[in-house]
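Here's the structure we're looking at; comments come further down.
By letter and in written order, the chains are A, B, C and D; residue numbering begins at 1 in each of them.
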Amino acid sequence: MTRKLRMGMIGGGIGSFIGDVHRKAAAIDGMIDLVCGAFSSDAEKSKQSGKALFLNDDRCYTDFKEMILTEKQLPEDKRMDFVAIVTPNHMHFEPAKMALENGFHVVCDKPMTLTLDEALELEAILKRTGKLFALTHNYTGHPMVKQAKALITNGDLGKIRKIQVQYLQGWLSTSVEKTGQKQASWRIDPKRSGIGGALGDIGTHAENLVEYITGLKIDEIAADLGVFGEDRVLDDDGNLLLRMENGAKGTMSISQIALGEENNLAIKVYGEKGSLEWHQENPNQLITHWLENPVKVFTPNGNDLYPEAINVSRIPAGHPEGYLEAFATIYKNFATHLMAVKNNKTIENPDYPTVNDGVRGMQFIYAAVASNQDNSTWTKIK
Amino acid sequence: MTRKLRMGMIGGGIGSFIGDVHRKAAAIDGMIDLVCGAFSSDAEKSKQSGKALFLNDDRCYTDFKEMILTEKQLPEDKRMDFVAIVTPNHMHFEPAKMALENGFHVVCDKPMTLTLDEALELEAILKRTGKLFALTHNYTGHPMVKQAKALITNGDLGKIRKIQVQYLQGWLSTSVEKTGQKQASWRIDPKRSGIGGALGDIGTHAENLVEYITGLKIDEIAADLGVFGEDRVLDDDGNLLLRMENGAKGTMSISQIALGEENNLAIKVYGEKGSLEWHQENPNQLITHWLENPVKVFTPNGNDLYPEAINVSRIPAGHPEGYLEAFATIYKNFATHLMAVKNNKTIENPDYPTVNDGVRGMQFIYAAVASNQDNSTWTKIK
Amino acid sequence: MTRKLRMGMIGGGIGSFIGDVHRKAAAIDGMIDLVCGAFSSDAEKSKQSGKALFLNDDRCYTDFKEMILTEKQLPEDKRMDFVAIVTPNHMHFEPAKMALENGFHVVCDKPMTLTLDEALELEAILKRTGKLFALTHNYTGHPMVKQAKALITNGDLGKIRKIQVQYLQGWLSTSVEKTGQKQASWRIDPKRSGIGGALGDIGTHAENLVEYITGLKIDEIAADLGVFGEDRVLDDDGNLLLRMENGAKGTMSISQIALGEENNLAIKVYGEKGSLEWHQENPNQLITHWLENPVKVFTPNGNDLYPEAINVSRIPAGHPEGYLEAFATIYKNFATHLMAVKNNKTIENPDYPTVNDGVRGMQFIYAAVASNQDNSTWTKIK
Amino acid sequence: MTRKLRMGMIGGGIGSFIGDVHRKAAAIDGMIDLVCGAFSSDAEKSKQSGKALFLNDDRCYTDFKEMILTEKQLPEDKRMDFVAIVTPNHMHFEPAKMALENGFHVVCDKPMTLTLDEALELEAILKRTGKLFALTHNYTGHPMVKQAKALITNGDLGKIRKIQVQYLQGWLSTSVEKTGQKQASWRIDPKRSGIGGALGDIGTHAENLVEYITGLKIDEIAADLGVFGEDRVLDDDGNLLLRMENGAKGTMSISQIALGEENNLAIKVYGEKGSLEWHQENPNQLITHWLENPVKVFTPNGNDLYPEAINVSRIPAGHPEGYLEAFATIYKNFATHLMAVKNNKTIENPDYPTVNDGVRGMQFIYAAVASNQDNSTWTKIK
């Protein structure tokens, strides 16, 4: 293509955390321009947000419907190519559906929808419309996560036996939602979050990371969810046992009341021939252990990497990449795919999370809630 | 006292791992002399073992019965004061019982006995004889474990909400028992190990560490045990959910097939006001997180420690103490207690693991096996 | 302003490392658009590079002179606002001079110039033209470097006594320049690098970091430079003693033949009341030690930070920022300053490296080379 | 031998740091009994110290002369075999000389003597008497230090190019000597410490470690010593440049005013084919980097070790050994050598530090002081 892709954003007004992340992530690789947005249902706030982003007033919309319908009327050389949906969970499905049905591709934050039914419907809409859809399971964008996946895909670790995954945060240790903290307010509210609290917000990341890295489905889970914050109704903590489709076993621990933890997503996978360990807070290391050899530590653009890891490293070894770069890789791979489609080309393996990951995430939430209600009975994810 | 205590050892012949550990641990603080042993049921091997330890032939016995009965006849200024039992699990109860009933105190390796019944009987014998009994849950001897316990006892962490404990090894990843590896052979054999494999060998350490540090009992567990090694019948892996008596929840992951792991015992405890993290492989750090303050890292003999931690540090901050020193602390506290008793003095809190810890450990094994057999049903530890 | 700033780039064609870094860094915060470039002296390559960046052919120039003169003629609403100079050292001064004298602001890679004379002349030109000038000592953009500086500025560490700084790389361990590796070729060539090799490429970063964090000038140095690579003439390694203006002492170790090191820039500063430690490869931690308190570890957007650190953190604690984000902070602060200037506003402390840092860096290189030639005699930096 | 070796101690009364360390180190491996001591020049204190160690009064002496002469008269089956000298530096030479000349072997703390002349005289005495002499450069006893040395000896790292060594402590950051702190009082006193302060106390360890691991002599040094503590006359800080006999270069940084540092001895060695890194505070890791392979981390009793490292590991991988165990290895190797000698056997390479290390250490101190007095002029170590 001879031009950048044009992105419209739904949500992400001033003060938003994840909207800002999406914008920076979309900007890094220079393939995408933000051209319009329905940043807030408050017209004035939407315009103010757009202005701070150097957008013209006429591309700042008050709601996503207005945006989609108006943009659709714009000439092809001005019109947005895709929307990025960065609203709370309950506001994912409707905008995604409308965008797709009006010819726009979609990037959507996770978890994909409010309910499993919505997820399945979205899957059908995508099949029908043939549009592209990326779900921002951003942690799969890290070079060392790609290397981890490649090590297992290539059989270096042998048959997988054991998995430990955790996603621990402490920011809901106290009742911050009662202080008006915006991020907390909607996450503890079933109307906006769905039936899972921490499960949806971070558990789906953990679930997605396990299945992405190992290439194995989680077959069933036994969940013990906790609700520690005063007056909360949704889980803010969870401990789960895992059984994988190949017979491997494991644990998952998630929490938003793990005081002192910042964003401690970490995974260990043990196979018959080797094992690996990755920590999101120090993402530029992949520690591996081997039956016959000492510990090896891989680094982005370091020695002995698989192409999948090299391809997504932007800078030389020793120059740390972080959260935004991994997030940007989702956007980059999506944008590369979309440009190819627009050029009538095919891409073999676009390598970004899609609606399948989204459906899987919703099934995980539903299985965990069901297991927990049944005193941690083993429950299939399906 | 004007003399060192005299120790007789049961088991621990040449080539033994844990016997050598007990001897070194008993030696470090200069309070105990090894004076005799029934190192092996092979008379020649017992003598050879004793010779390598600079013992006279006449104090090297062929079996523990001979040793106990012979030593009992020796004059008070020669006779051993206590026995150290370092045999496989199935050989703990009989020697302990006989030693106690013949007037000797006992230090015993863990798990305490082969069966829960034996454990309860041993408890009764101790009550009857009034002798001292130490169980070598050595990890509780680390200065930073003492500090962890003190932080919680003093309320610094607030009410405990969440626990993660793991004890991961990889040495049974392959079928080393088929190569004649002695350590492996008895550990995978129910006749010598009991009904728990990894459960007894390392799970009891994890269980003991949780209850020691938090001061809380584990109320119930849901266990999913794995048997990954070919032809094995005992668990070599386990994933457990924990519910504590105060409502806290947690996970326990144990394994001897976690390839690449050496001796990765680690614990995290999250409270309402703070949290802590300790790793056995780097035992001279206690990492803590706080609601209002940055991470603090405690070190032995470093700043701001509780007396319980200072008391068991032998050398200045920055001079790492290790596995043997922590093990030695069990012996030191036991020896100090025994010397006091011999001097007709009382010690308030001798601070070493006893028969209560041993009974608890056996109850844990039995509950885990029962839960696992019932497809991970929640099961009380009692 | 109601629009983004417009950047023209000099150098940075396809395959360039640092050009790509500058573009990504400039893009992240959404304040700057790349609008033109003289990416290569090869006309075709320049156009190809521009095309890959979605630029029109007519904004892709063959040399910087053409670009500066042509852009100057463009209407104000199209014309670039500033140039980013990302060429090898010998091509910094001329483009900077010409850009400044033709009304454009400048962002320039380091070291600032080929010679000290050029540096001093550039200083004079800037005084004369009144344009803005940023030198990309990118490591000063890290939140934890800002926190380190603030701790010292606020006196928390007390009087500084001792400094250790190192910048270690291993990529010149072998004669990669003989394989045609482009990055290596010019760095080992005095005509393009100047009189310093590793000194200019990484030593200036170390020098700048020391003076930035401590707020102290290095008074004199004793340098022992090494030339280990076959047929090289410039230093690829250096060990230096430091004496600071306040009496503090220290060491600096730099190397590009420290095999296995990737980009190991690290600094420790010891004061009378506290000390600090920062590592570029794990930049989201600032480890501090205190006379009366345990170790504290600061993290971006974590607890207890000074505003200077909070201001430059883009995402919540635990979400690692990396090399590009710190680099972007230089651009962001420069862009904020330039926008203010364009709006006739004043900014108190723009906080980005300027020509003063550039002159200082050249003086450091010259002092180190002189000291080394005189068998490591103490030599003033001036 | 059929008995343990018998040790007499000079110095090390109640409250002594290093005396207690020597006793524990000598005890761990069960080869040595403490049988007598001149623990203090205060008769009562010497007896009290001996009593606390369960010694009889008649083996507690008031001074080393009395001890040596009395023990010499004891029957061979009671008499001590060797003395351990654990007094301040000024009290090393006389006891060592007298012990050797009266037929006793010697273990001596470092630095070996007060002056270089004493060191050379001791060397001559040893040659004359043929007795054994061990100098407790304890850090060379660590398994991972042995592995480091073996990697270099076997050429795995190729020709050595660069060395970084540091030994940083912070305990003299404040004027603790003015509070009566015993350890500090003599170390800052030239009459008891010699011409080097930190140089002798910790600098000799750093120097010894460099030469032990690399197998290379330090050819010349340029030293800049600091005296930061109020009213001190001896160095409490030092920064040095190193030139090795093979052309390698390096830095050494030592300090006792590096606030917050506990006992941070660390070394990095870079060769043409690989490099290594070891930290005393986490001594059970040896991190290595390779030209063609990822980072490898060695651990005691872990994979791929040289026999030299395996031989001195007491317990399985993952069970940390520490300061006392490394110290004990010096005693163990000395005791093994002494037992062999007593059995008229020969040992090829006894592998413990001897008088040569002691002379070398004194030469290092003298060269550093001379260089510093001459404004850091390069000075040979000889």
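In this text, a residue touches a chain if its C-beta (ideal position, glycine included) is under 8 Å from a C-beta of that chain, and two chains touch if they have at least 3 such contacts.
All figures in this text were calculated on a predicted structure; none of them were measured in a lab.
> Starting from the defined contact criterion, work out which chains touch subunit A and subunit D both, please.
For subunit A paired with subunit D, the chains in contact with each are B, C, in label order.
> State the pair with the higher C-beta contact count; candidates are C-D and B-C.
If we tally the contacting C-beta pairs, C-D comes out ahead.
> So which chain is the furthest away from subunit A, centre to centre on CA atoms?
D
> Just the number, please: Cα centre separation of subunit B and subunit D in whole Å.
Distance between chain centres: 34 Å.
> Just curious, how far off is subunit D from subunit C if you go by their C-alpha centres, in Å?
From the centre of subunit C to the centre of subunit D is 44 Å.
> Rounded to the nearest whole Å, what is the centre-to-centre distance of subunit B and subunit C, using the mean of the C-alpha atoms as each centre?
Chain centres of subunit B and subunit C, defined by C-alpha means, are spaced 55 Å apart.
> If you look at subunit B, which of its residues touch at least two other chains?
261, 290, 295, 299, 302
> Give every residue of subunit B touching subunit A within the complex, in rising order.
Result: residues 161-162, 164, 166, 170, 173-174, 222, 224, 226, 228, 237, 239-243, 249-251, 253, 255, 257-261, 268, 270-275, 288-291, 295, 375-376, 378 of subunit B touch subunit A.
> So in the complex, which bits of subunit D are touching subunit A?
290, 292-299, 302-304
> What part of subunit A is in contact with subunit C in the complex they form?
1-4, 17, 20-21, 23-24, 27-31, 34, 51, 53-54, 169, 171, 261-264, 280-284, 299, 302, 314-325
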